[in-house]
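Below is one structure, written out as structure tokens; comments come after it.
For clarity, chains are labelled A, B and C in written order, and residue numbers in each chain start from 1.
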């Protein structure tokens, strides 16, 4: 690991842990909605959602074993989110907005931290940005595939794009030598705001020209 | 690798090879039932079922190249199981019980050996237990995803839970310094018995409270 | 890496880059056909198709970070293929034959290069052949899984078998000490021809005896 890139600033760490819990909770809730699963399935999918993106990143940059297996806090928070979602799924469905906000915090923080960690392991700026996005969206993608949904990041809402912007700001500030708490928080906030604006106004990434999608909906549960 | 953890006791090795063959056979049979595949597909899915869990574990602990690519016995047994299943699928469907027993032997042995190998590579007890479970259930999960079924470990039968118990006993005995053939076989037998009791009495892990599953069945082929 | 295995001959490199572009284009077109995706989804699936097989191979042989993250040419070509497919999908559907030819070039080159790279990293001949096939078919398999199709390599056309033949010729010539440009091009051409003959005469790998496939078609979009 290169010295000088401090990717574990205390404030970021707090956001990262918050995001891990939120991803575990939200991932498990999505799993409960998408398929009839037992407790093992719901908690496993919550943990996969929370930890999967970072594990893919760590495998690809060579940070083995992945952080999720070394720092018990991530593990506990992801499992707690999944267990709470399992126990309280009927009530939590009413809390859609706070959960979306927590999820956006997770997405933003994961994208920024994922990018800095990839840079710290010597990757170039473009691959590091890509791995920042993967950190943010990878876990949800695995979860959706396991419950047989087309990953929502591929077809709906602005989800990958805010992560891409946050990751790009991060890589640019690291390369310019001005990365630090203000830059990191700035990147997190920009990502968070784009995501929230997308949710509020139901914005989507562009569709293929000419309406080439041939099926009404890619979802099972629509 | 830490010295002192002997994860390749001869008896365990024999069980491990038996389990690899059983997983290859059973994985390929499941694939034949789930989708119309050609020979390449059936054998590939048998091999993925038999070797996939160990490959994921080895990637995550940094044992590269994975054991499945270094020891030709695993490779040959997994491929043989898949080929036999392809050739004899019509007859093998009648042998459900012996195949379930062989599969449970594989699950039990994979969970115990996976846990000891993760500990030998320096992982903590909780991640090692998790990787033991992944060793046991990972291959079948990839297979189910590829043939577009929700992985059965997520929604049906006691499958992950016996693996979890076997892995936990293994980690506890390693940490207590009493791991050896009796402890390993004890963990295998406990896992095997819980699995078999689950099959016999059709036990399942708890469902989410309030029946939040909204679809009749997560399976295509129900 | 072992010295003496030159897996980046200039001609092969040109074919490899051609194949990367073709896989990006074809992968994205398949994604457009299979599901209603936005621009992020289409381009992401094109890139996954083009780069996924090589990334899996590199993770399994320990070439970290994967070549796709170190050589910007692969990255740019894969993304360009995906973007062109997104923009021109309505027109490109009419160019089925040239795209199939480009795709077969990609398959052939990926299989040969994947095998030589695995050998160069010290793997045995059989695992190296397998990883050559994975290099050729892995990206398309991930793409199909993400858009909820049973991977076409598992059930239709001669696709894995030409890759297997090309990879086996490669490993045999490397082991015999006669690998070089003629052997590499020979293996590429043999794989390409088998694939093209399969496409032309609609050949398939053998089906399980007795017609054990129980569903009319494993495809959503049939």
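Throughout what follows, a residue touches a chain if its C-beta (ideal position, glycine included) is under 8 Å from a C-beta of that chain, and two chains touch if they have at least 3 such contacts.
Predicted, not measured: the structure shown is a model, and the values here were computed from it.
Asks: Report same or different for the chain B and chain C interface, where same means the shared residue numbers exceed half of all residue numbers found there.
Replies: different
Asks: Give me the superposition rotation angle from chain A to chain C, based on Cα atoms, as a multiple of 5 degrees.
Replies: Copies differ by a rotation of 120 degrees.
Asks: From the mean C-alpha coordinate of chain B to that of chain C, what's the distance rounded to whole Å?
Replies: The computed centroid separation for chain B versus chain C comes out at 29 Å.
Asks: For chain C, what residues touch not just one other chain but two or more?
Replies: Touching at least two other chains: 59, 145, 148.
Asks: Going by the contact rule at the top, pick out the chain C residues touching chain B in the complex.
Replies: 59-62, 121-124, 126-127, 130-131, 141, 145, 148-151, 153-156, 160-161, 204-210, 212-215, 217-218
Asks: Once bound in the complex, which stretches of chain B touch chain C?
Replies: 32-33, 35-42, 44-45, 55, 59, 64-66, 69-70, 72, 75, 86-87, 89-90, 145-148, 220-221
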